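Heads up, there are several structures right after this.
Both of the next two complexes hold subunit A, though its partner changes from subunit B to subunit C.
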Partner chain A sequence: MASDNVLIVGGGPAGLEAARLLSDIGVKVTLVEKRPFLGGTPIAERYAALTHGFHDAETMMNGMIEAVTNNSLVDVRLNSSVTASEGEAGSFKVTLAQAGSGSSEVVEAGAVIIATGFQHFDPGRETQVYSYYEYPDVITIADAEGMLKDGHFRKPSNGEIPERVCFIQCVGSRDRQIGNEYCSKVCCGISSKQAIEVRKVSPETKVFIFYIDMRMYGYWENELYWPAQEKHRVQYVKGIVTEIVKKGDRLMIRGEDTTMGRPMEVPMDIVVLAVGMEASHGTRQMAQTFGVKQNKYHFIDVPHDALNPVATSVPGIFVAGAAAGPKDLDDSIGMAGTAAIKAAGLVRKMAMA
Partner chain B sequence: MPRPLAEQKVIQEEVKELESFVVEGMDLSGHWNRMFGQRVIWDYSHDNMEKVTDLPGGESLGWCYGCAKCTAVCPIDIVGDYSPRKIHRKTQLGIDLFKSDDLWLCTTCMNCLRVCPKEVNMIKIMPAVREQAVLEGDVPAELQKAFEDTAKNGNPLGQPQRKRAAWVSQSDVPVPIMRQHKQPVDVLWYVGSYPSYHPRGIDAALAAARIFHALGIDFGILGPEEKDDGDSFRLAGETGLFEMLAEDNIKALEKYEWNRLVVTGPHEYNAFKNEYPKFGFDRPVQHYTQFLVEHLDQLKPLLKHEVNRTVTFHDPCYLGRHNGEYDAPRELLRAIPGVKLVEMGRCKENGYCCGGGGGGMWLDSFTQNHTRMRLSERRVREAVEYNAEVLAVACPFEVSRFEDGAKSTGNDHLQVLDILEMLDQSMRG
Partner chain C sequence: MGLFVDKYPDVAYEEKLRLWEEVKADERFPSYLYGCYECGICVAACPSARFYDFSPRKIAQAAAREDIELIYEQMNDDVWNCSQCFSCNRCPRQNSPGGLITILREVAVNNGLKSAQQALEGYSRIVYKIMGTGTQVSPDMLQPDAFPDWGPDVKRVSDELDLWRRALPPETLHTTKTGWHVSEQTLIELYLIWYNTGVMDMIANVDEGLNLILSDVMEEMLEEAGYDMDEYY
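Take a look at the complex of A and B:
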């Protein structure tokens, strides 16, 4: 018998948006979240301001969370994981396990939306020598978000205000040796956003961005890149940093300044690694549990992604957000809408059949 | 200042190679012809960039994102190693533009701004930085001399102010000087420094006088009350001198009654049109080509003699790119019977600079130390490549520059003529 319920796995931006939209059109939703709270990576990783738009991440995510928590059509299951799934489009039987309680329950669903997102690349796997786990003043853009959320930007090693900060782009992305040939799409924009935020909280700090290609598509160019350079005087230098060498209590970055064709060895106080996106643990696990195909990077494979960006290899199971590969928030929210409508359409068609 | 290459020959037999060679802590050991400079970039300094971008007018230097479109159209880079993108990079690397020779190479030709997606505006950056350098006294000597001559005599040619109308005595038609004329005129002709004093400029001035006379124009000149327009000094950073000249010229012009102002040179045109209004001058101005084109119907019957030459026209930066006038000079040339007008590859919006603008007129030796050939020489070669017999010009800076360039490049057969001279030739035969 067909179920009129849609099961959404993941309570981040894509999952929350899909849940809200489905409830808006009168569809019942079970929203499963492994963590004890909703909001996904922006909340878990303590993002400061959203890219783009500079709106406060916590405030914006709270708005999305409220829309599903005070909603009779959305059954929110925190601390819960999907452990098994059987059935087919129109009548999936999904087993949920609640952490700590030892209990499990089978929920019926006509359609499933996987919105389990990404995780930040772990710079310990970097093939270049950035010594993230060795030098406290080498941080990632995720670490920087937390610092900026707390309203400061100081050297983790000694609490001093940094004289100069640099961002290194493409850490863990566009790298055959690491296995991530793809561009993570958002890091250029996030670095430029953070560079602006650093200049705002710490105007005496000089900020540099070392890059291979600045990938500021669409309005990110005029909203982030140009203001960072023109108004906030962030210095962009073409040429990536190969390694970081400790020099006294500072970090010396070594690389090539490509437009000069000369090597560079320049001291920095904080180096921010613009780490890319990888398939999250949850994404990898859900792909296996639901039996949907993954691509070679372990993201959920979308067979015809140009015109149907939310379909998976299994009918009735849809994907939204960065579970399908590197996405910005605009992409994730757009995909959530598409997945919600496709799931609702399927559920209703089955109910009428 | 680097010495010319000719003086830098290495006499190999006299070179001693030391096993270890350390100067002021820097190890320079190695084969004698290796690069001695530091290879590694040790620092990026925001300070020198911010010194520029903090200046009103200097802001946009920090906007460059390195697309390098400017380099292809920069007239200096064709003959030297220079472009706005490179200036941005060097400044980002900590070079002090205020003390750099690079500061004086830009001719403010504006071809970079035409193609720049970020609107990095060297026409504002250069004068702003140069103004500070001038205040600090960091000015190439030959340019400083032009500043001083002009402050003293009202012209950069070192000629006395009182002799500014001396050329009139050579004229075979009357050239009324307002102070003696004592009556209103229709056209106030602002002659300019080079047409007043330079022998080849005077040729153009005499031609203009004959043309005006033949057309029955009621005109007069300021003569000894006229001073250099000063616009090129403004662009070279001598803002105080420019303001003084502007005020003197405006004062002189306001003493007399006239209907319209016609100037010989594009730099003067730019000054009266775009800069003098900031000092309260609000009268319309025309370049002589624009004025004469309006009289083309009366002019054509006067052009009786054929000038059977292949002619190419060099667009002055300050008439073309800066002020958008490309048609008037060409219409005049086409009106001359017998003239075969050919266009050079780089013409109109993409016209190549003669090297005289933005102070370049008085930086010839300085610029030579940083370039493989003069811009004027490069331009002369282009005219020859396009089989021109005459290089027609409409800017008093250019005649002498291109004539020198034709000689130094062995292209003496290329004749350089102001459009005024060509019209006069056709009138008189």
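Take a look at the complex of A and C:
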């Protein structure tokens, strides 16, 4: 017996958007979220402003959350995980377990959308010598979001306003030694956005971005990169830092200034590591639970990605957002729409058969 | 810094900063520097970069970073390797490294930097000719010892100049005998512009002798035309 319900795993931007759109066209949704709250990484990691657009992350995510809560077509299951799945396109039987309660339940679904997202690269695995876990003033872009959300940007070690701040790009991305050969796509834009925010909250702070290439496709160029450089006087230096050494109260960074063709060793007060994206724990687990193929980076494999970016190796199971690999928000939301309409088309076709 | 100390004097950081502030205060500065991609188009287009250890990209980059030490080095050295052709203006960000160099050179000259005096030494006679006559240097002025900056081949070329010119004909075969002189009125206006815009002061900063002989020529004509030259001193 075909089910007219769509099961969405993950209550972040992609999952919320897919749920909202399905309910808009009258399709029933079960939205499963492992955390006790909706909103995904932007809420869990306390993002300040969204990249791009500079809108307040919490406000924007709350708008998406409101659209699915108190919505008669969307059954939101918080603190819940998928523990098993059987069946096929049109009639999946998915077992949900609720944390703490010990109870589990089988939900029927005609189609499934996996929207379990990414997690930030753990800088402890970095092969360059950045000492993230040793020096409190070495932080990640995720840590920086939290500080900027609180409206300040100070040295974690002593609360002082930093004289010099630098971003190091491509941490955990584009690196054969780490095994992540891919580009994480968003870190150039996020670092540039944060650099602008740092300059705004503390205009006396000098901000540098050390990069391999700046990947600022489309309008990120004119919305983020050029204003950061031209209006906010952020210094972009081509060359990557290999080592951070503590020197008194400050951090000494070592790298090459490739533009000037010479080694550099300069002091910084805060170093921000632009950590990339890796498949989240949930994405890896859901790939196994639903039996969908993963690529070598453990993201969900998309067999025909150019013209069908939401297909997985299993018919009836779709993927949206960064569960399929590094994605910006625009891409995640776009994928959510595509996955929603494909899932809706499938359950309706099955119902009519 | 080490490479350059024998070529020009090192000065205190504050002095380097003061020179840089003078560059930044120039009203042309903001439209000559936006941001740099490091794309290298300016270097690729630059004729000087083919022959000298010179990079317009480094000029733009040093200015963008406000690298005071490096800018001081460049102001004393690199800027004189530029031919001011402005091929670098094809920059996709609309920077003008050549324009930055114009300002850097002017600041070097206005502050009487020794390196500027040395760089411009070879040009005294050309400047004297151009400013005195109000028109261009003409090929028939070419003499073996006239213009040292024209290089060692000038003697060989000047011996058979007429033959060379007919063998490789330029668009016209202008000489000082064909439409070369400018009118007295034009000359007076040029002299006044140079006095009023500070060009004479700039020349005094780099070459006092040149300033003296040019002033003699100019003042004579201006005074004859009824201008009171005391206004300019």
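Here is the rule we use: the second predicted complex is superposed on the first by the 353 of 353 C-alpha atoms of A that agree within 3 Å, B and C clash if a C-alpha of one lies under 4 Å from a C-alpha of the other, contacts with A are read in each partner's own complex, and residues count from 1 in each chain.
Please note the rule applied: a residue touches a chain if its C-beta (ideal position, glycine included) is under 8 Å from a C-beta of that chain, and two chains touch if they have at least 3 such contacts.
Computed from a predicted structure; not experimentally measured.
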| item | value |
| --- | --- |
| Fit-or-clash call for subunit B and subunit C when the two complexes are aligned on subunit A | clash |
| Superposed model, subunit A: greater residue contact from subunit B or subunit C | B |
| Touching partner for A:E265 - first (subunit B), second (subunit C), both, neither | first |
| First (subunit B), second (subunit C), both or neither touched by A:Y135 | neither |
| Segment of subunit B that clashes with subunit C, given the candidates 6-14, 24-32, 114-122 or 258-266 | 114-122 |
| On subunit A, the residue positions that both subunit B and subunit C contact, one per complex | 214, 226, 229-230, 235-238, 259-260 |
| Residues on subunit C engaged by subunit A in the complex (per definition of touch) | 34-38, 57-58, 61-62, 64-65, 70, 93 |
| Complex contact set, residues of subunit B against subunit A | 39-44, 46, 49-50, 53, 59, 62-63, 65-66, 89, 92-93, 118 |
| Complex contacts: residues of subunit A adjacent to subunit B | 206, 208, 214, 225-226, 229-230, 233, 235-238, 257, 259-260, 262-267 |
| Interface residues, subunit A side, partner subunit C - complex | 214, 226, 229-230, 235-238, 259-260 |
